[in-house]
Structure formats: C-alpha cells, structure tokens
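Sharing a structure here in structure tokens format.
Chain IDs A, B and C follow the sequence of writing; residue 1 opens each chain.
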Amino acid sequence: MNFEFGRVALVVLFALLPVVGIAFGFFVPALRARGPLLVAFFAGIIPILSLYIPKRFLSGETGMRPRLDQWLIIVAGFALLLGIVNVIQNGTRKVARREKGWPYSVVLLTGLFITGGLGIWGAVSGQGITSLPDGTGTPFKWIADNFFLPLQATIFALLAFFMASAAFRAFRARNTEATILLVAGILVMSGRVPLLEFLAAPFPPLQPAAAGASQALGKLTEWIMQTPNGAAQSGIIIGAALGAASMAIRLILGIEKGYLGLGGGE
Amino acid sequence: MPHVDLGTWIAALLTLFALSFLYKDNPLFRFTESLFAGVSLGYYIGTTLNQTLMPNLITPLAHDFNQNWDLIVPGLLGVILYMRYLPKAGWVSRYAMAIYVAYYIGLDFTRRLHGEVLPQLARAIVPLSHLDAHTIFYSLVFAAGVFSVLIYFFFSKEQDAVTRRVARVGIYFLMVSFGAAFGFTVMGRVALLIGRLNFLILNWIYPLFGIK
Amino acid sequence: MAGFVDKLLNIDRRWLFLLVFIGVALPIIMPIGLPVTTTASTRDAFEFIEGLKPGDAVLISFDYGPSSAPENDPMAEGIMRQCFLRKIHVVICALYPLGGLQLANNSLAKVSAEFPDLKYGEDYVNLGFKDGAQAVMKRMGDDIVGAFPTDVRGTPLAQIPMMKSVRSLRQVGVVVTVATGIIGEYWITQAHPQSGVPVIVGPTAVGAPKYYAYLNAGQAVGMLSGMKGAAEYEKLLAAKYPQLERFYKSTHAFTATKGMDAQTVIHFIIILFIIIGNVATLSQRAARRKAEAR
C-alpha cells in the first residue's frame, strides 16, 4: 500500500480527526461546533501555504496539496447532488398530500428519475452517457439532446422578451446617473452591430457614409469598453477581491461560522 | 418526402410550450418548467456519476486499491455530507461541509490576491508624465476611473467633502460600465432567442414543409 | 395626444413581445447579409493561435451550457476548425456542470466529422467533464492525469498517445475557455498566474464587460465577446482559409455571422423602445406640468 507522507497526513487530518471529533461529539455537544472549525482550518490553510512554502511535504508530487486537490474533486461531485435530496423530499411530500400543483411534482420526479436512472445505468453497465462504441448515442444522450438542451435554452431565451419590455416601460432618464447609463447603453448597442449599415440599406448613396460612421461608432464603443468600463470593472474587481480575501481568512480562522449553520454564540 | 425525427419534434414542441408563457401562464408551460427542473437534476446525477465519481473514485479503488486506498476518505466525506438530512445526527455533516467549503475558500483566497488584486493594481499604475492624446484619453481616464471607483466603495469611514466629490466621479464611471453591461446583456439574451427561433424555423418548420 | 401617449405607455406587453418575435424571425427567414467588423481583442486571439506550431497543444474548455450555446458554440467550433487546419493538437474538457459535457461532445463530433483524416487520440482527445472547477485547474497545473484519470469514454490517459506529451497545463500552448459565468474567470485568475499558461477567453455577451478588465491587465491574450465575437472570428477564419470561407458560405447550420442580422434588427427595436418610452414619458410630464400651471 502506498503510504506517502501526503496521503497519510491527509488521512490523519481529515479522517482520524473528524472520527475522534464525531465520537466525542455524541457525548460533548460543544465539540459539535469546535471540531469542524478545527478541521476547516487545516483544509483552508493547506492550499494557501502550499503556494508560498515550496516544500515537498506540502506542494511536491507526494505532498499534501496535490492529493487534497484530487480528494476535493470527488467531494465536489457529491456536493453538487446535495440539493437533489431536498427536491425529492419536497416533491414526494407534495404528491403524497395532494398539495396544490402536485401533478407538476409528478412530472418533475418522473423527469428526474428517468434521466437520473439512465445515468446510473450508464455507470453500472459501463456504457457511459455519451456514445456507444458503434457510434450511436446512449439513451441518456438522447434525453439530454432532445429534452435537456432545448428546455434549458428556451427557458433562458424568454429573458430576451422581458428585457425588451423593460426597455420600453422602465428605462427612464430620471436623473444624471440614469441618463449616463442609458446613453452608454445605447452607444454600445449601436456600436456592437452594423446598425447604421442596416438603416442605410434601402438608401445605396448613403451606404459608404454609413459604413464610415459605423466604424467610428465601433471604435468609440471599444474605447468605452476598454477605458471607462475597464476602469470601473477594475475597481469593482479589486474591492470585491479584497473583501472576499478577508472573508476567506475569517472563515478559515473560524470567526465566520454561518456556513455550518452555527450562530454567533456557538 | 419531408422528414423530421422524433427528437426534433419533442424539442420543437417543448420550445413552443415554453414560449407559450409569453401569452399567459398556462398548464403547458408549467408542465415544461417542471420537466426542465426534473431532467436537469437527472442530468446532474448522470454526469457526476459517470464523469467524476466513477473514474476518480470507484474505478481507482476497484482496480488498484493499494495505490488509492486513501480515496475512501473523500468518498466517506461525500456520503457524510448527506447526513444533514438526518434530524438527530445532522451535525455530523458539518465535518464534511467544513472541509469542502474551507478548501475552496483557501483556493479562492490565493486566486483573489494573485489573480485579481495584484494584476489589476499593476494595470492601474500607468505613466502620466507625458500628456499626449493617448495618455489623456486612455491612461488618465483609466487611472481616474479606478481611483474614484475605489473611493466610492470605501465604506469604513464617513465620506467628507473631498471624497464625496471623488466618489461622485466614481459613480459616473460605474454608470457608464452598467450602461455598457446593459447593452451587452441585451446582445446576450437576444442571442439565445436567435438560437431557438433558428432551430424552430430552419430545423423543424423548413424540413417539415420540405423548404430548403 | 395625451390620450395616445397614455395608451402607448400602458400598451399590453404582448404586443412588444410580438414585435421582438418578428424582429428575430424575419432576418432568419430573409437574411440581410450585414457586414461584420473585427475588433482588436478578437484579432489578438486569432493571431495567437496562428502563432502556434503544428504539434502544439490547445486546451478548449467548454465552460458553458445550452443557455448560451448560440453565442459560445460558434466560438468553440471556429477555434477547433482553426486548430485542425493547422495540425494543432486539441484537448477538450468541460467544467460547467449543467450541459458543458453534452455541448463539448456535440461540437467535437460535428467538427471532427469535417476532418476525417484526423484521428482521435493522436490529433484530438476529449477528457470529458469533471466537478470542482478550481480544484481541477489546480491539479491540471501539475498533472492532468490527477484530475482526469481517463478520457470521456473511460480510456486511461496513459493509453492515449497524444497525452504522452501533454502532462500538465505547462505543456499546453494556450487554454481557450469558452465560458458563461465564473469558470472563465477561474482560468484567468487561478490557472494562468499559477501555471503560466496563456488564456484566451470566449465569454457570453453578458459576462464580457468584466473580462475587459482582465484583458487590459494582460491576464488574457485575446477575447471573443458574445455572438459578435464569434462572428468576427468566423470572418477572420474565412479570410485566412478559403476552405472555411466556402464552408461558412454554404453551410445550412447555424453560424454566428447569420445571427448578427437578427441581432442588428433587435438592437434597433430596443433602442427605439427606449427612445419612444422616454419621449412619451417626457411629453406626459410636460402635459401634466401644463395642466397644473393652469
């Protein structure tokens, strides 16, 4: 068996420590909050220190951080599916109690179990979820191509209509700031597409002038995006990044506990 | 003979059912919405199981346990995450959640500093000694923009007469940025609609009526 | 007049929806063929890939889903065509959980069918999807096999000839992240500084404004923003490669260039909506002030 330092250290920190914490936690309720915070400290500090300490035990191929990366890819897979349990619970409760809209819960659960079931079948049978060796698609792929892709695309495509309706009803130049916003929006919308060429299409003599004006508008749009927009986005990125970095330190040090469902007093 | 396969029919009908919401809310749209939610979640299950859990966890453990014995730990941590749904032992899931969240926060910490703060600050330090047209229209405007926006976002101290004026300039830069973002958002949302109508017209209606 | 303005401002929004629907459908049925002009960020991306040598590797990461496929599919497919024509090796992966894998498979199948002399495993490979984007990029920075032990079909990477010379991101010539949302930012702000790999980003139009900051700071070597960016790339490809010029002119499949006609019409409609809405409101306010003055 492979007992590289990295693996053994990770097993000690993230398996043995939690096991001890869970075992004691059944008898000492205070440990139910403190134990996870201690483990969180190590989980958060290893990726940070490995960047600054070029020591083999931490960031080398047999070190802790590379193996921890692989572990957390697996945990992320489990985490992604966490909400599905909640959806199934709510759906089955709605159907069992015949609450308002329960037929739609049947539709939801049917779609979930059929698609998920085909995915599980693909894993268990070794077929996978893409194409079979002869080039034909698996049933999962058929559902994905003909149900999932068009449904996802269309639900989001509805936003285009609501955006247009909002543009007519709500976008008003009420004050200086709103006017600047509207003018910038209109300039960018005009400069990103050949709008002037489109308007000049029925008038051939105007087309060369329209092409020239369109080029100038395009250059103005690029300047707006690179300079004032770039500057504002840069400021937002710097501010948000500093805030997020300080929140990260608070979380790793155990000051921030809300993500574990713990309040200030625990 | 015009031919449209079953899959295209299903995709086209579901598209029309979803678009029917624009006229008014109706059972066909509700059906489509629920189906969308269910199929999406089922898609998550299939993809994660086949693409992450099988090749990264189950296959290595099954084929070469000696090299990969430690992968039992993330497997168990993943399972422990689901203990949050148990009324009495839900607190056990805190260990798995703590490791998961803290690790990604640790990665994010280094990403924010190395990948966001430092490069963006470096870009904002622009030479202003030579006031030619390029410097004025690009460098000066850029530097003024970053500086004023950062002043606007400084909430730790109440703003005085000077910082309030500088913050106002920052607001104007932000409004230009939001206006540009609005313009781009319109482009983005309309592109989705273009894709959908392109499918309906060119991939469904035209083949149905034999139009080339 | 005041009555007309009031009626206009309170118009049933379904008429507006119908106008939008017609504005998009008509250019699809009757294409106009409006010109596309290129921007510096797209040309930079194009020239960067042109600067790679045959045998170099490009990683294309499908970090988007069906909700932005009309914008992002043409970008990914255009870059794949360019790489295949230049005999650049292509590594495909997907990090977006809600549809990235499906779109990667479909785009690769579509484009590889246009190049039947290229071989899977020797000229291109599909690594499939993996959860945990940041951890995946971190691992790929040192060792791709650590994140992707197998390709999309379950073949161990050790058995794939092309991957013998592409062991980590440091052996990749450029990462092209075709992205909606934050995963594109992860490539730029995490993978690039920590492994040094250059990044070209193809964001949706919604996300593009933020990426200008990264482009300005030199964190990305090029950018294709939204459907316009994809149309620009198609134009550059058609100008450089006659076979692609013939392809883009003759294909019945959706291309970004075809979509730009409808984009233009809708932009015109929305700008008109904004102008009419503001003029109507101003005239309503003026009429109210007049009435109050009397």
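The working rule: contacts are C-beta pairs under 8 Å (C-beta built on N, C-alpha and C of every residue); 3 or more make two chains touch, one makes a residue touch a chain.
The structure presented is a predicted model; accordingly, all values stated were derived computationally and were not measured.
If each chain is drawn as a node and touching chains are joined, the picture has every node linked to every other. The most central chain, judged by C-alpha centres against the centre of all protein C-alpha atoms, is B. Distance from the chain A centre to the chain B centre is 5 Å, each centre being the mean of its Cα atoms. Centre-to-centre spacing of chain B and chain C amounts to 14 Å, using the average Cα coordinate of each chain.
The geometric centre of chain A is 17 Å away from that of chain C, both derived from CA atoms. Multi-chain contact residues of chain B, defined as those touching 2 or more other chains: 22, 40, 43-44, 47-48, 51-52, 54, 56, 103-104, 107-108, 110, 112, 114, 116, 120, 123, 142, 177, 180-181, 184-187, 189-190, 192-193, 195-196, 199. For chain A, the set of residues touching two or more other chains reads 47, 51, 70, 72-73, 75-77, 79-80, 128-129, 144-145, 148-150, 152-153, 155-156, 160-161, 163, 167, 182, 185-186, 189, 192-193, 225-226, 229-230, 233-234, 236-237. In chain C, the residues that touch at least two other chains are 17, 20-21, 24, 67-70, 97-99, 101, 128, 130-132, 135, 138, 152, 154, 194, 209, 213, 216-217, 228, 263, 266-267, 270.
Note for the complex: chain C touches chain A at residues 9, 11, 13, 16-17, 19-21, 24, 32, 34-37, 39-40, 65-70, 97-99, 101-103, 105-106, 109, 128, 130-132, 135-136, 138-139, 142-143, 146-147, 152-154, 194, 209-210, 212-213, 215-217, 228, 260, 263-271, 273-274, 276-278, 281. Chain B makes touch with chain C in their complex at residues 22-23, 40, 43-44, 47-48, 51-52, 54-56, 59-60, 103-104, 107-108, 110-112, 114-116, 119-120, 122-123, 142, 177, 180-181, 184-199, 201-202. Contacts from chain C toward chain B in the complex involve residues 14, 17, 20-21, 24-25, 28-29, 67-71, 97-99, 101, 128-132, 134-135, 138, 148-150, 152, 154, 186, 188-190, 192-194, 204-209, 213-214, 216-219, 225-228, 252, 254, 258-259, 262-263, 266-267, 270. Residues of chain B that touch chain A in their complex: 6-8, 10-12, 14-15, 18-19, 21-22, 30-54, 56-57, 65-71, 73-79, 81-82, 84-85, 91-92, 94-110, 112-114, 116-117, 120-121, 123-124, 137-138, 141-150, 152-153, 170-187, 189-190, 192-193, 195-196, 199.
By the touch criterion given at the top, residues 47, 51, 61, 66, 69-70, 72-73, 75-77, 79-80, 126, 128-131, 141, 144-145, 148-150, 152-153, 155-156, 160-161, 163-165, 167-169, 171-173, 182, 185-186, 189-190, 192-195, 197-199, 201, 211, 214-215, 218, 222, 225-226, 229-230, 233-234, 236-237 of chain A touch chain C in their complex.
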